[in-house]
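Common to both upcoming complexes is chain A, partnered first by chain B, then by chain C.
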Partner chain A sequence: MRRTGWIIALLAATACGSGVWEMPVFPDGGLLKGAAVLPDPSAKFLEALFRIEGSTSTFGDLVASRARDGGVSFFGSGNKAYSVLRPGCVDDAGTLVLEGYWRNATGGRTGLIRLFVEPPEAAVALCRGEEPVDPVGLRGAWGSGGDLPDQPLHLAWESPLKQPNPPFRVVAHRGGCRTMDQCGASENSLEVIRIAGSLGADAIEIDAQLTADGVPILYHDLSFSDRLVEGVYCLGPVSEFPLAHVRALCKLEYGEQVPTLDDALRVIVEETSLVAVWIDIKTPDAIAGCVAATNRWRARAEALGRQVRFVHGLYSDEMVDAWLRSDLPSDAVCLVELDPKDVRGAGCEVWAPRWTRGPMGSKVKRVQESGRTVAFWTLDEQEFIDVVLTDARPNAICTNRPGLVFQRFQMVGESPWGPNP
Partner chain B sequence: MALGATPTPRQTYLHYPTGVGAYEWGGGIGLTLDILSTRLVESEQRFVPRLTGAFRYGFPAGFSLEATLDAIVLVNELRMGLLWSIDTGPVAWALHDRLGLWFGYIGVDGFDTHAVGLVQYPGASVGTIIAGHHLSLAFEVILVHAQRVDFGDASVSRVNTGYGGFSLRLLLESPVGPGVLYYGATFFQASPDYQLWLAFSDGRRKLQFVRFHLGYEF
Partner chain C sequence: MTIVRRGPAIFCLALGILLCAAPCRAAAGEPRPHVLELGAWAGYALPLGKAVADERGGRAVGVQIRYRSPSGLGAFIEGGYAPLFSSRGRIAGIIPGRTVGLSSSLNAWLVTGGLAVDWRFLRLDGGLGLGILSVRSTLDGVTISPLQLDLVYTVAATAFFIDRVVRLGAGVRAVFASSSGINFLVFTLNLGGDVLRRR
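Our next item is the complex of A and B:
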């Protein structure tokens, strides 16, 4: 008995809990507390490819930066590290500082970053909303955990970003990241959609299915389980829970509500700069409700002058058949994960092959030349991303590592063969 | 023993540290079942069953040679290794080093993928005999040396040694008739991609799962 007791104790000791990642923040708001907001057009001048001098083992040699929704993010390939910063003008607009956090997407490493724009003349110009004469650089420090940054970091301007035409889109899986990726919000939540742009996404993929009372909600699995939700009475098939019960009984891993599709589309249209949403419809009975929701929010986007593409994902023959049987508006856009012939047969605009079929370069080119777009899913590993970017030249890649795909496109990617916008 | 009688051959044990004597051999067949948690492998509980066959041959001075083949087409692994063991009375000890070549093929809808990899498993085990039942506890480190994936018309290879995690196996071998019934479980804390590379993400956090063993040795 005693002999088996220590074996059980040893097993228990090695089985650590998963926990959730908490974003480190500067104490007392850091230098951004009381800083003036950087004029919107200026953030674009911080978008570039930068060469890292020092600390390359954490961030890699080259990082690509992007400005979205008031923030500036930096994406490296080394350790899949990324940084999400916010800019602010201090010292009577004579200094432009960026503060935020960095994170290793596949590990637990994280910390704070503080960078200053140089030369000082560039910082002054940007804070005035003017284009700087010379390319900008960034100098500052990074730290580990909640410690103040103390390790020097210098980002030297290397080159402007590629501007592919037709464009290449980074599609963030499950709204931004999966719950298991611990990016600070649960998958398929409003919170993760709000941060998707800062994680490197141009567009997002979300999962939709119906509650018992016919409301499309965002949830991936067909059953509620402790993998994604908390709540003693939140277990079992999603289709057996009315929305009111979902609202009352279920909380996502980071404490968020399970959103309705309407909630999610409102956030996409009104609160983000995302250009497309791929709605992976999980069951045939959800097709009509999803299309009705996208119609409402497409009209709202048009009223706001926003260009958002709403794409309905069909992953199986059964879903394609249900789509064809449904009485849908002729302008509803669909995506098929099967073969190009299935895409044509369903009258869809997007072919979304699983990456494990290989890059299929010539087939991808033919599909693109026929006026359809191609989006591979779901690619997370740098070596595979590079092969697909160079051999297939797709229009989009769906990924759990949007920042990595963005950085790799800037390093090795080329414009898709088509279709012309 | 009566003069001229045929000696009864000593029963061999595939997993117990001193389970085979010099120039003895043993073989076995069985099943393993991996149970992977839904927290780590998406929407449904994943059960990965495999057929397994094992062979062990003893040399003098406590050394023995081992070979194991696990197979389910999706992921298969051939392991070969050398083990040195010593009996110290109430317990027996062993050190081992095994090299595993794993290979798999997925040709179902959405996949056109072959994968191979080379993994090393150095480790140690301790065993004791309780009422004729041979109980053993084995610890192994997982070192990943190389992986290659062919996907469609492209391939990606990696060659470098990385720590893939560890495993801890508790196994009981009980004499039944002319052979031995074995059963037990292994706890893994391993990188998602040390094996079954295609089925998991690129996360560096270690995956915790359990493998159950059941088989017969002859």
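Our next item is the complex of A and C:
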């Protein structure tokens, strides 16, 4: 009995907690304070595969860069660091500097990073909004924690990015990442949706369910608890809280409000360049409200000239049945997580198999050739991402590590078999 | 790491120590009997953590039935109630253009069972069970009363001043609701009595 007691006591030491992670920032705004904004098309010329020279243990050998929503991000492989930077033109536009933070995706390490575009002629051209004649490189330094960067870092241009056709999409899980992934904002918050593009996402998956007064809100679990929200009175089934009580009693882990679906769709349409949103509807009674919201924001997107695809996720037989029973507009797009026959039966356009079912290459190809798209969920490990990318060639992967999936597609991915755009 | 996430760990630690401390055989001398004991406790509940509320804690009560073996190792079943938080005030920005009244409270109901060790005048309990966390909140005249069921761990230590057929003592119990993250201490006065003794 004493031995059992010691074993149980030792097991207690394995319990661990979580915290809220905040990105480091340059004191006094860094060199970007007062810098001129990089002209809109120029950031695209910074998209490429770069070879890291020095500091490969932190950043990896090859990083893929991507420009979204005014920023430029760099993504390494495996558990290496990713970087989220903003560009700015200084020294009367003779210098193009990028500043921001780097972060180890699976650990607590983070720090500041500052890079300068080279050669100088390329920086001048980019700051004028022109395409540089030669491929660009980046040279600068990185640091740990809040310390100013002091470790040398050089990114040498390696190759252009793949431009797959049909396109391959990186779908960020729960709006960008889960709260436990500590990407700087709570899951299913407006803040995480705003940074999803800089984390590597083309599209996002969000979770929707109804409040007691019938308002669709973004929240994953069916009950409020301290796993995802703060507030001692924010406890119990979501369906028993009217929206006003949610607003008064609940805050997400990073202090954000629990958003309504309308709030989230407004941010997606008006503030980001995301091309699609997968709304994982948690309960059958939320279907009609979610479709009504997407109709409103699809009209708004069209008015703004934005191409955004609104996809309604159905994860069970019960949800598929409720979808078929609902009186919905014929152009409402749906996704089914079950089998391809269920996708056809529900008249849906997207099949979303769980990754643990394996790549199912021939089945994926048949679905794609029938004009439907395939999105695997939720893949976070490089080994399995590579298997699905190479053996299944899906149209999308839903992930908590969008930057890793983006980098792996650039390394090993191929265009989906279909459908043709 | 925060105390909110440590509940299961503290529970395991206490249970481990409790089992390590368990006497292996009855003390020398006259063998002790098998005993069925009824008891009750009353005291003050004090929530752990940094949660903001106008009032934290309140008067808590509980009842127990327990079995004590001749070795000192025993088992118990317990039911309890503890008020944890309450707040009252007015709030702006929730309903456009208006400041409205908001009053809320959170109470806990517990049903737990577990192992206990009696050693001299001390008693250690380690329990596991069901917690019903009950919120009541009224905003602008609209009242909601959601309930959240949760797995709870309890760890308790009691020292007895009178330790005969009737027992009187004081103690402290820690309660950890695993997924709700609601954790609290209860400082108690304990009263119990043997209702059945058999050798």
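Miscellaneous remarks
We adopt the following convention: the second predicted complex is superposed on the first by the 402 of 421 C-alpha atoms of A that agree within 3 Å, B and C clash if a C-alpha of one lies under 4 Å from a C-alpha of the other, contacts with A are read in each partner's own complex, and residues count from 1 in each chain.
Convention: a contact is a pair of C-beta atoms (placed from the backbone, for glycine too) under 8 Å apart; a residue touches a chain by one contact, two chains touch by 3 or more.
Every value quoted in this text rests on a predicted model; they were computed, and no experiment measured them.
Of the two partner chains placed by superposition, chain B and chain C are both touched by A:Asp226.
Within the superposed three-chain model, A:Ala212 lies in touch with chain C and out of touch with chain B [touch as defined at top]. In the superposition on chain A, A:Gly236 contacts chain C only, with no contact to chain B.
Residue contacts after overlaying the shared chain place A:Arg169 against neither chain B nor chain C. By the touch criterion stated above, A:Gly358 is placed in contact with chain B alone, chain C being left untouched. By the touch criterion defined above, A:Leu249 reaches chain C but does not reach chain B. Shared-chain residue A:Arg86: touches no atom of chain B or chain C. Residue overlap on chain A between its contacts with chain B in one complex and with chain C in the other: 7, 10-11, 14-15, 18, 223, 225-227.
Remark: chain A residues 7, 10-11, 14-15, 18, 80, 106-108, 178, 180-181, 220-223, 225-227, 337-338, 353-361, 380-381, 383-384, 387-388, 391, 400-401 touch chain B in the complex. On the side of chain B, the complex with chain A involves touching residues 38-40, 42-44, 106, 109-113, 137, 149, 151-154, 156, 158, 168, 170, 187, 189, 198, 201-205, 208. Those residues of chain A that touch chain C in the complex are listed here as 1-2, 4-19, 212, 223, 225-227, 232-233, 235-237, 240-242, 244-245, 247-249. Remark: chain C residues 1-2, 4-6, 8-13, 15-22, 24, 47, 51-53, 84-85, 87, 91, 94-95, 102, 104-106, 133, 135, 137, 139-140, 142, 144-148, 179-182 touch chain A in the complex.
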